[in-house]
Amino acid sequence: MSKKINRREALKTIGAAVAISATSFGVPTLLKAADTIKIGFMAPLTGFGALAAPYIQRPFELAVEQINAQGGAGGRKLEFVTEDTQSSTKGTIEKTRMLIGRNKVDVLMGLIYSMERKAALTVSIPNNKLLVYPTFYEGDECNRNLICTGQIPNQSIDKFVPWLMQNVGKTVYILGSDYLWPRTCTEHIEKAVKASGGKIVGVEYFPFGTYDFAPALLKVKDVNPDMVWTMVVGSDTSTVIKQYRSFNLKPQLVSNAVDEMWATFMPKEDLTGIISDQSYFMTRNSSANSVFVKAYQDKFGVENGLIPALAEAMYCGTWLYAKAVAKAGSTDNEKVVKAISQIQFDAPQGPVSIMACNNHMRTNSLIGKTREDGLFDILADQGMTDPNIPNCSL
Amino acid sequence: MAAKLLETSNIKKYFGGLKVLQDVNISLDYGELLCILGPNGAGKTTFFNVISGTFKPTGGKVVFEGKNIAGLPIHKYARMGIMRKFQVPSIFDDLSVRENLAVAMIANRNSAPSNDRIMEVIDIIGLKTFIDTEAGNLAHGQKQWLEIGLAIITDPKLLLLDEPTAGMTADETAKTASLINSLRGQYAIIVIEHDMHFVRALNSYTIILHKGTNFREGSFSQIESDPEVKEIYMGRK
Amino acid sequence: MEGITYLFLNAMTVASILMVVGLGLAIIYGLMELINFAHGEFVTIGAYTLVAADLLGGSFWMALLCAPIVGALFGILMERVLIRYLYDRPLAVILATWGVSLIIRQGIQLTFGAKGFGVSDPLVGTMSIVGVEYPVYRLFLIVTALSIMATCYLIIRYTRFGLDVRTVIQDREMAACMGINTRRINLMAFSAGSALAAIGGVLIAPLGNVLPHLGLGYLAKSFFVVIVGGVGNIAGVAAGSCLIGGLETFFNYHIPVSLSQALVLILAIVIVRYRPQGIIPK
Amino acid sequence: MKWNPIIFRFKLPPTLKQLVDERIWLVAFIGLAGLLLAYPLWADGYSLNLVRDMLIFGIVALSLDWLWGKGGMLSFGHAAFFGIGAYSMAITSINLDWGFSSLLGLFASVAIPGIIALLIGYFLIFAGVRGAYFVIVTLAIGIVSQQAAISWVSVTGGDSGLLGIPPLGFTLGDHRFQLDNSLSLYYVVLTVALLSLLFLWQLSRGLYGNLLKGIENNEKRAQSLGHNTSLHLLIVMISSAMLAGLAGGLYASCTGFVAPDLLSLMLSTEIFVWVAVGGRGTLLGPFIGAFIIMRLQQVVSSISTGLWPLVIGAIFIIIVFVFPDGILPFIRKFVVRFKLLFEKSGVKHGR
């Protein structure tokens, strides 16, 4: 079904391209069918974000398929339009406007980077459109039009740190990419570590695209902490871990950013033995999860069958929205937002729900250790954690 | 007595160990024509580069209208009234003849630009049928004349011509000589050349530059008959 | 003492990376005065040669042998199809090579997928050298880069081809008058530059992650290496990469990394300001 | 230094070729301006915002063309000035709670890029940095400023940028005048675009344009004629940066958002491409180039996400061979031929 929409869109836009002139901007919008719910799905399909995009695109399509197979949301089928943000602010703003203004979608879903989320919000908030966002991020959004289903710092850190202090050691050295999320997390980690009687012995941030981490790694060697906490993200993650291994450093690597995705990017022997906290691991032992993993791998094949927490969060978000629409009996924002905090979804990570006060999802806090096949041995299942955003009461 | 237009005293210019100029002294009055002759490598162009600001001299003074001007930025030289024609024609290839002259004219803040003046100069340099031709498409000799035109359009006080006939046909050389002769008296002019015939046609006070110093100076006929000059200069030719 | 040794080795690692990538650029830029914005993509091509070798069951060493050939072939293709028509239009070269760069990047993404590839270290473990433990692969990288440098120097200095190249750098028209086939020199230089970039790609790959836009990150820095060092000679590339690699590593020990990278670029600008012909002019 | 206004006043009588050029330019300009002025009559809000943003990026392209096409210096970090302008606007208007803060922000978005261009330009231009060196140094400046925007979290909001930039407006007494609807913003942007285009065109069609062309042609000659060429180039660079900054300020207040990738190398190269496609040195061409390429990018990327970089890349290569000077000069070439065919005028023609 989505194919058909895309082709129709395509024909229309080709028409516009042929007559590249200002007049073509005024092509009248096609009437939308009232009995469907139209979702605008956005992902960084090209540019630097392209490597992560499939991990939200696949679970989203799976969820839509499953929901439609069950008769849709409140009897209305879901249809969707996929747009590429080109991993840029400009692209995201343009595509959000297009989805809202031209495609007249009912809701927006997807996006990975904070910059994309903010860019989309500049358009979606004034237009009163709901955005469902799956990525773990710094956790400072407090908006009725935004539903977040990824871990925010307190959810990935508050339970993780005491566990580490007890099981690994007391001194922590932090390496992070030089941007907002690692900095916010560092503040949380500092607080939590202090509360557990540990100590931060070093913090270092690196600009994106750093190709030599040796100076920092040698400092780590000097300080010799109990653990090195990495929040280096993107393709730099594999650079830092590989170089960490090549220097033969002994401290335990821990992270709240490492997930199954990395097994496809880097040699598994380098990845083995990293302890990470995520809302979800593929290896979680529950019936809901085994059904999910099977459906996922049946649809996309085993070779595309890795499911990181990001993917599961996207899946949760899509389902929660559909359930909320069914409960509200409408796609009207106010009604959906009111309904969404009253429902629960039996997600692969456990039963999840949305906190009414900040529109963020209660997530699990699983501690895992990478094993040789790149998946995680789950060391602890710490149960659902409430998202905590100070001063937010919606 | 009023200061001379240009006086240089003991100009030295060294490039590392290479002493291109050592003690060059000239003195020039308003409206005077001076030829500097010398074999290749005598330091003629270097001397021009020093008095037009491209190089800072290693030692010595360049005094223009009573002021030492050595070491100022290049554009200041032009604003004081020193204009230079380079050895290889240096013009604005993508601009038409008219536009070339207009750009040259507005460089000087003292004269008001006018179309009449441009046409006048085009007349003088004999490019009347080429006013809208892009300078890059002119013949070699025409480029040289255009460059002289660029130099004179703002009525400079001193005109420096570096081998104005380089690469010209005999016919063009003769035309250039008469062009320079027609400018004589209006501007002080220094011509550097190694072509004797051309200098003979100008018939002015002449300095022979040899190994970076004033070797001989005097009227052209004096110079021409000097046996030592013949030896170092013409003997080689 | 230990600290200084580490500092030196780290600086040499960064310098080696810059050296290999910059060398290819220096040949193309110095010889033909062309800004090749697809140069980074040849690094990527090299890295993906290694990935392909990995996927097909080949080894790092095989890829190291194949990459220059693959790079050179792509270089020849690009020169023959595109660049040779544009030698007198340097700005068109920027646009065209940027187009090529987009195409190669996306072509790689369509072939290999957007996800990255991690290549295992061909040399595992650390080795003791002047009293410190240092990863063997990094030492190999440094030695290889230096020997590539030396080979290029010898070729330029002592072979017929090298003499022709130097003549063309000095004065292209004069060289043509003296019977040097400058078009052939162009082609050879372009393919040599591309081959070097591809070797660089193979050497870089085990340090990090191989992605379609891997090469882009090295583009600006290697240009800087060439400019700071001095266009048109090999010693300049060596000096430029050592200076930039050394400064960057030194700053990294003392100030935040983002700041130090910015500082290095600013310093490079200052150097260009006062020594526009580079620290080692030709 | 003495200011000599004569450069801007004096004009040579035009030749046929110039007349044709100017006529094409004016016809294209008036046609386009008319179309854009009337556009809101039939456009919906979405299209209006789209065209408005394209106009803003057109202004950025114009500013690069002024620097590169007229001044002869290609900047590969031009997005830095645009982005700095946008950030200046954002930081000023978010942090100052004052009736005129958004206007002050707009002023800052012009002034701060100007000051930065002054510093950089003074360093580079007076040192004789030109040509390829200038390209690469500006490229590095773009990279440094983007990293600064990401790292300097307390001021710039880091990688996620700054949200909540108030719309342009001011408070007078109890009244707040505010530009917050699509239509008025559209016209504000359109006015800025048309005025800056006309101004730069007027400036460069006379002798000042000849002078800049002359400097690009043969800077040494211009210097030895008495032109302070470095100063002229510096002024061009500063004004270009200020215009790019103004566009950035407008973009920030129109979208209400700034993020580090507004200073990115990617955007810089896009700007470069718009100018190259539209026709370097034509001033109007960059607008056309920006429109065509952005529209094409949106269209192709909606059809196939995997293909658009390939298509765009191929387009660049085609342009290099088919329209070597860009689209507008390509059209001119035809009109000139056509004219010469039918008008057997006695006026001499250049080539």
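Labels A, B, C and D are assigned to the chains in the order they are written; within every chain, residues are numbered from 1.
In this section, contacts are C-beta pairs under 8 Å (C-beta built on N, C-alpha and C of every residue); 3 or more make two chains touch, one makes a residue touch a chain.
Note that this is a predicted model, so its numbers are computed, not measured.
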Subject >> Identity of the chain that, by mean CA position, is farthest from subunit C >> reply: B
Original post:
When you take the mean of every protein CA atom shown, which chain's own CA mean is nearest to it?
Top reply: D
**OP:** Averaged over CA atoms, how far is the centre of subunit B from the centre of subunit C? Could you give it in whole Å?
**Re:** 48
Subject >> subunit A-subunit B separation of Cα centroids, rounded to whole Å >> reply: 74
Subject >> Whole-Å separation of chain centres (CA-atom averages), subunit A against subunit C >> reply: 36
Subject >> Rounded Å distance between subunit C and subunit D, as computed from the means of their C-alpha atoms >> reply: 33
Original post:
Listing for subunit C: what residues touch at least two other chains?
Top reply: 106, 109, 256, 258, 261
**OP:** Hunt down the residues of subunit D that sit against at least two other chains at once, touch-wise.
**Re:** 147, 150-151, 306, 309
Subject >> Contacts with 2+ other chains: residues of subunit A >> reply: 46, 178, 205, 207
**OP:** If two chains touch, include that pair; go through all of them.
**Re:** A-C, A-D, B-D, C-D
Original post:
In their complex, what parts of subunit D are in touch with subunit B?
Top reply: 2, 4, 6-7, 10, 12-13, 15, 207, 210-211, 213-214, 217-218, 220-229, 348-351
Subject >> Of all residues in subunit A, those that touch subunit C in their complex >> reply: 46, 48, 50-51, 53-54, 178, 204-207, 209-212, 214-216, 218-219, 235-239, 242-243, 245-248, 264-267, 269-270
Original post:
Along subunit C, where are the residues that touch subunit D in the complex?
Top reply: 29, 33, 35, 82, 85-86, 89-92, 94-96, 98-103, 105-107, 109-110, 220, 223-224, 227, 256, 258-259, 261-262, 265-266, 268-270, 272-274, 276
Original post:
Hey, which residues of subunit B end up touching subunit D in the complex?
Top reply: 52, 73-75, 77-79, 83-84, 86, 90-96, 98-100, 102-104, 106-109, 112-113, 115, 118, 131-134, 137, 150, 154
Original post:
Across the complex, what residues on subunit D touch subunit C?
Top reply: 74, 123-124, 127-129, 132-133, 135-137, 139-141, 143-144, 147-148, 150-151, 265, 269, 272-273, 276, 280, 306-307, 309-310, 312-317, 319-321, 324
